[in-house]
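This is the structure I want to talk about, given as C-alpha cells.
As written, the chains take the letters A, B, C and D, and residue 1 is the first residue of each chain.
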C-alpha cells in the first residue's frame, strides 16, 4: 500500500519568496567572502533543494514596459542563496555537485530577458548600439518557453544556474581584488565600466552578523559579476540540470552558493538570459585532494544527457575584423570575432522575425571558437537551431519572409 | 541488367599527386587574387571532384621525426586547388556549395598533426611553450583515425576543408591588404608575426599566365593564412562533408578554391588539424542577389547530419585571466579565456595520456564561448569527448591513471 | 518590481492524493466509455495541470517486499484522470495535445518497477520464467533515478504518460469489445489471459452518475490494458514531456483521459515501467477535420527535444527462432524476435549486474524492428545505453566482471 | 617529404566488377556451408577491403523500367564476398569485426530500391497490395542519396552490409535446415513461400572445388535470405560503417562473408533497401572463448558515431489489429503492429509526396517496439525524419499539400 510512511521529501534548506525584495529575506548574499558563515550545512550524499530569487531580487515585473530594466539597482546583484557547507570538505578537496534539477516556482511561471541601458549596466553591444533598455517576458509552459514579445518561436529550456561557486579563501579573494582593481584603474573612464570593485553600497550577507564582520565583508567582498577560479558567474548553458560539476575547495566546508537561475540561455547574451526565480536540487560528494588529483585550477563538469537536441542549425561565421563598423583589423581577437558572428546573425534575423537580439540572448544558440591559429583572424561561429521557429527560416531562392507580428515590445525610449 | 551504360562517374576537374611537390603540379595556387583565371568551369547542379595536396604540398613525411615540420616552407602554403568558376555567378549572388564528400586518397591512408617551431610558424602557445616542432602520424582506417604516436585513442573524423572560399574582388583584396599590413606595421617585431602580407617569394598561381599578370598576382595576392569575408582558412570543423555553405560572390564566376583538407579537427588547434591530401566532392547552385537577400557579409552554412556524435563529454572552463602564468587580468578577452581552458585540459590530460597537445589539436573537441557579458571575465569552455579514449578518463576518487605507452613521439629538439 | 500581480499559476483541474486509494477520490476512472461525462472542461490554448495517482491507485509500497505486487488488484487498474473536454472539439477533428511536463509529486519522490506473479497479471516472460512477483524501488533525484535494489546504475528519465487517449464513440467501443471478446473466446484457457473483457467488478467512473448510466458503463466499458485507435495504453517512451501528439476525436469534446505515469521506461517492459504518481501539464488545440486531413487512424506525434541522449550503446539482436528454448522456427514473428533479443540481453547482463530484468524494464533501452522481409526470420534489436552504468560493461578480452552488491531485492517466493 | 615510401594502401582481398554477372566472378558465393573454403585469409589487426557486387549480382539496370525487378532470378541471391578466414579463430571464440567503411564504387554512383512482384519474391505487403514490381533509382552524391523517381527528398545514407556473418558449423547448419524445412512443409502452398530451403539450382561457391564437395554444398547449403545465429541477412541499419560487431565463431578461421551492401535503409523495408555494389573495409580481432564470456547466442554490436542525426521526426503508431483491413484482432503480434504503423505512415505520405512506399523502404526511418505487455495489443512506432524532405510535411491546420512532380516511376504493369 502506498503511504507517506517511507516517502521522504527532499528538504528545502533555503526558502525564499520570489516576489519579496532580496534584502528582506534571509539566506541571500551578494558578495563573495570567506567570512560569510554557512547558512546551512549538508552531509555528502543528501539530496536537498535551494530556492533562489531572480538575480535582481524581485526588481523586474511581468509587463510590457522596460523602465524596471532601465532603472535596475546593480549594486545589489546577484542575490545568491547560500552558503551551503558540506561536512568534511577541506581546502584542496574537490567538491562534486550534482545539479539534479532547476525549475521555476509554480507560482511564477514566467521570466524575462533584458537589455540594459548604456549608462546602467551596458552589455555586449552597449556602445555599438547606444543601448536603451528593452525587455521580453517569457511564459514557461513546462519544458518550453514562449514570449508574447517574440511571437513565432518556442523552445525547450536548458535550465541552469548562471552563477554557482565555492567560497574563496582570503588569499584567493585578495588576488581577485588586486587584479580587477588594477584593470579598473587602467580604464578609469570606461562606460560601462570594465569591471566592478568591492562596494559597500548594496552589499548584503543575508544573515545576522556582528557589525565588524559585516563591514569587513562589505569592504572586501568580491562582486559577483564575473566568473572566476571558483566558478561564479560563468553563464555556461550546459552547466544545466543533469550535469555533474567538480569544484575546487578553498575554505573548510566548501561553502557553495548559487543563484541567477536561467530558464534558458545560449552561448550568446547581450545582457542576460531568460532570468527566473526558482528551485535548484543538489547532491554533493567530496573527493579528498581532488585539486591535485585533477589539476583543478577551475571547475570541470560533465554535461547533462537531457539538454535539448535540435540537430538542424543555421551557422554564422565571424572573424576578428570589425566588418560591421570601421573595418579595423584586430589581432586574433576571439571576442571581436564572436561579436561579428552575432552581428551577422542579427542582420539575417532582422529579415525573418522581430526582437532578434532578445531572441538570440535567450534561445539555445551555440557559439564555437574555431581554431585560433590563422593569424590574424580568430574565427568564431554562432549556430541557430532551426527547430525553435514555427516557420521555415532557411535561405531560399526567393529570399526571406518577415512575418508581421505587430508591435510587440517597447524600449525605454519608446522605440520598438 | 546492370551495365556501365547509364553509370556516369563524377568527373575530377583537378587531379593532383599527393606525393609530388605542389609547384610541379597544375591547378594549385597559394594566393588570393581576382586575376587568377578559372582553372575549370562547372554548371550549377553538376557533381564533381577536386583533388587536393596536403596544405604544405608534400613537405611532410610519414616517419617518427619532426624535422620536416621544423623546416617547413611557409611561404608557399596553403596550396589550394582551383579556382573553379560556376557559370552564371555574378558579384552580389550567393554561391551555394554542397560539400558532398571529403576523403583521403586510397594510396595515402594517413595524415599528420604538427606543432611548429617557435621561429617558423609558431602557433597558439608558441610563446608560452617556446615551441619546438613535434608531429604525430595518424592512420586512417575508414571513418576512424588512430596514431602510433598517441596510443589509446581512436575517433571518427569530421572531415572538412580547412580552407575554402570564393575569389575576392579587387576592392575587397585592397581592403584586406590595407588592414592587415597596418596590423603588421603596428607589431613590427612580433615573433611569430601577427600576420603575413603579400610576398612574391613562394607565390604560385598553378597556371601558365603572362609574366605581368603573374607578377601582379605575386605582388598583391593575399596570403591564405586567415579566414576572411569570402570564407578562406576558417578551420571550422563543422564545414564538413554533408554541409551546405552559402558564399558571397565577389567576381564573375565566383571562382571557388579549396584546400587544406583535414581528416579531423576540433575547435582547438595548436597549429594544425589532422592534415591530409585527398578528394573533395562538390555540387553548386546560385541564388541571384543572395548577398542582399541574406545580409551576407560572410559565409553561412548548414552543418552535416553525419558529423560524429559523442554525447558523453568532460568539459573544462577558462576565464580571461592568465591563471597559468602571471595572473594578469584581461578585459573580456575570449582568446585568453580559450587558451586558459585549453591549458586546464592539457593539465588534466597530462595525468591520463601522452602527447595530449597533439591529441587536442586533432580530436573532435568542442569549444564554446559562454556569454561574454560578465565583466571583466570572458568564459570559454572546452569539451573533450570521452568516447574517443579506450580507457575511462573520468574523475575518480582514487585519482587518474596514466597508462605507460613508452616513448611515442619525438620533438625537433629530441625531447619527448 | 516583481509581484504576484501578473503571475498566473497554471490551474490544476484534477487534484488527487497519491497515498489515498483511487476509489476514494474524484476524477479517476478505469474504463473507456463515451458516456463518462467530462470531469473538467478547457478552452484550446489553456495551460493546465492534471494530477494522477500511480496506475494501481496506491496499492504499492516503498519497501523491500513484493507481496503488494503479487496481490495487486488488476480489476481496478488503470486509474485514469479525466475525462477532460476541450471546447469545440467534434468527431472527425484532430486534437493536438502538447505534453508540456510530467513530474512526480514533491511528496512522493519515488516509484517502482514490478514483475507480476504468473497467475496475477503475467507479463512478457510470464510463462518462460514461471514468474514470481518482484519489485524494485526507484528514488527520483531530479532528472535521475537510482535504486537501492539495482545498485551501480543511474539514468535520466524519459518521463511520459503510459496511457493517454480520447474517449471512443459508441461505435468504436462496440468494435473493440467485439474483436477482443472474440480473441478471448478463442483462447479460453490461457494463463495469463490473452485479453481482458468488460468487467463490472472493480469498475470506477470517478463521478456521481445516475445508477443506470453507471451500470451501463460498468457493463460495456473497455478495459484500459491495451492501446487502441484512440491512443490508450501504448506505453510509448517517446510520448514524453515535450512531445506534441495528434489524436483523432470520436466524441464531442474529445474527452481526453490520462494516467499510468512513468518516470522512465524503455522499449522493453516485462510488466511495467518505473511507475509513479505525479502531475502532467497540458495545452491543447483543435484542427478541424484533422482525421481526414491527416488520414488519422491512430495518433501520430512529434517527439520531444529533451529526451535523454546516451549515444554509446551495446546492441543485441534477436530472430524469430526460439533459440533459448525449443529451437522452434516461427514465421516472421517480430514478437518472438523481440523476446529473443531481450533474452540475449538478459544473459549478457547477468554477467555484469543484478536484477537485470528489472533494470531492462525501467531504463531507456531502445528496441528497433529490423526490416521484416527476410523470410522466415524477423530481426529485432535491443540497444542498451552504456552511460547509465557506473562501471564499464563493454566486452573485454578478459571477460565481464560482475560486481558484488549483496542481496538487493526479494521475490514473492523469497528467492533473490 | 611526403613520399609513397611509408604509404601502405589497404589491400583489397576480393575484387569484383559490379557490371559483370556474379557467376562469372571469383570469390562470390550464395549459400552458407562450412565446407566452402576460405577465399582469403587475414591476420588479426590487418585493415583490408572486400569488394561486393549488388545482392542480385548485376541483374538490375539504371533505367526507368522495372522489368528487371519483376524477372529477377532469386535462386542465385545473395551474392556474398568471401569467406575470409581470420588466423587463430576457433569455435567458441568471438570474432570482433570493425566495419570501418562502406562505400559505392566510383564507377557506379547509383543504386536502386525495388518492390518485387507478388509471384516472384513478394515482400512485406505482397499479399495486401497484390504487389507489382516497381523500382526507384538513387544517385549517390557523396554522403547523400537523391532519386529522380522520388523528387523532393535528399538524405544521408547510413551505409551498411545488409548481410554479414560467420560460417555455420555442420551441426548449426543441420539445425537451420531442419527447422526451416519444417516450417516450409507446414505452409506448403504459401505465396510467396514462408521460407526457402536448400536448392541446387542457382547455387554458387565462387571457387574451383572438387565436384563432390561442390554438390554437397549445393544440396545442403543454407539459403541466405534470413538472419540467423551467425548474423546473416539481418538488414540492421545500424550495423553501419563505424560499428564494431562481435560474432560467435562456429568453424576454424571463423570464415566471414559479406554482401548485400546498402547505401541506406531504415527499420522498414517492403523488399529491399537502397541496394548497391561497393567496397567494405574491415579490421578484425579475436577474443578467445568469447561465446561463453559474453553469453553470445547471436552477434552483438556497438553502433557507429557517424550515423546520420535527424532529430526532428514525425512518428506513427500501429497496434496488432488489422485496422486497415478486416479489423481482425491479433494476440500481441508485433509484426501486425509494425505493418499497421507502416500503413498509417503510407496513408499520411500519400498526401504529401509520390512513391511513398519506395521512400519508406530507403530512408533512415526508425521503428521502435513499444513495450509488449499490454494485452492483446502490441504497439510499434515508425518515425519519419523530417529533415529529409525539402518541404515542410508537418500537420497543419490547413491540411497537407501534395507537390506535383509529374510521372516519376513505372510499375511492371504500367501503372504509376
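Here, a residue touches a chain if its C-beta (ideal position, glycine included) is under 8 Å from a C-beta of that chain, and two chains touch if they have at least 3 such contacts.
As the structure is a prediction and not an experimental result, all values here were calculated from the model.
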item	value
Which of A-B and B-D has more C-beta contact pairs	A-B
Label of the chain whose CA centroid is most distant from the centroid of chain A	D
Chain centre separation (chain B, chain C; CA means) in Å	50
Computed distance of Cα centres, chain D from chain B, in Å	38
Centroid distance [mean C-alpha coordinates] between chain B and chain A, Å	33
Multi-partner residues of chain A (each touching 2 or more other chains)	305, 309-312, 387
For the chain C and chain B complex, residues of the former touching the latter	309-312, 387, 392
Residue ranges of chain C touching chain A (in the complex, touch as defined)	1-10, 18-19, 47, 54, 56, 58-63, 68, 98-101, 106-110, 141-144, 155-156, 241-242, 277, 281, 283, 304-310, 387
List of chain A residues in touch with chain B within their complex	94, 96, 123-124, 175, 179-180, 182-183, 187, 192-196, 225-229, 231, 233-238, 246, 265-273, 287-290, 293-295, 297-303, 305, 311-319, 321, 323-324, 327-335, 337-340, 344, 347-348, 350-351, 366-381, 383, 394-397, 399-400
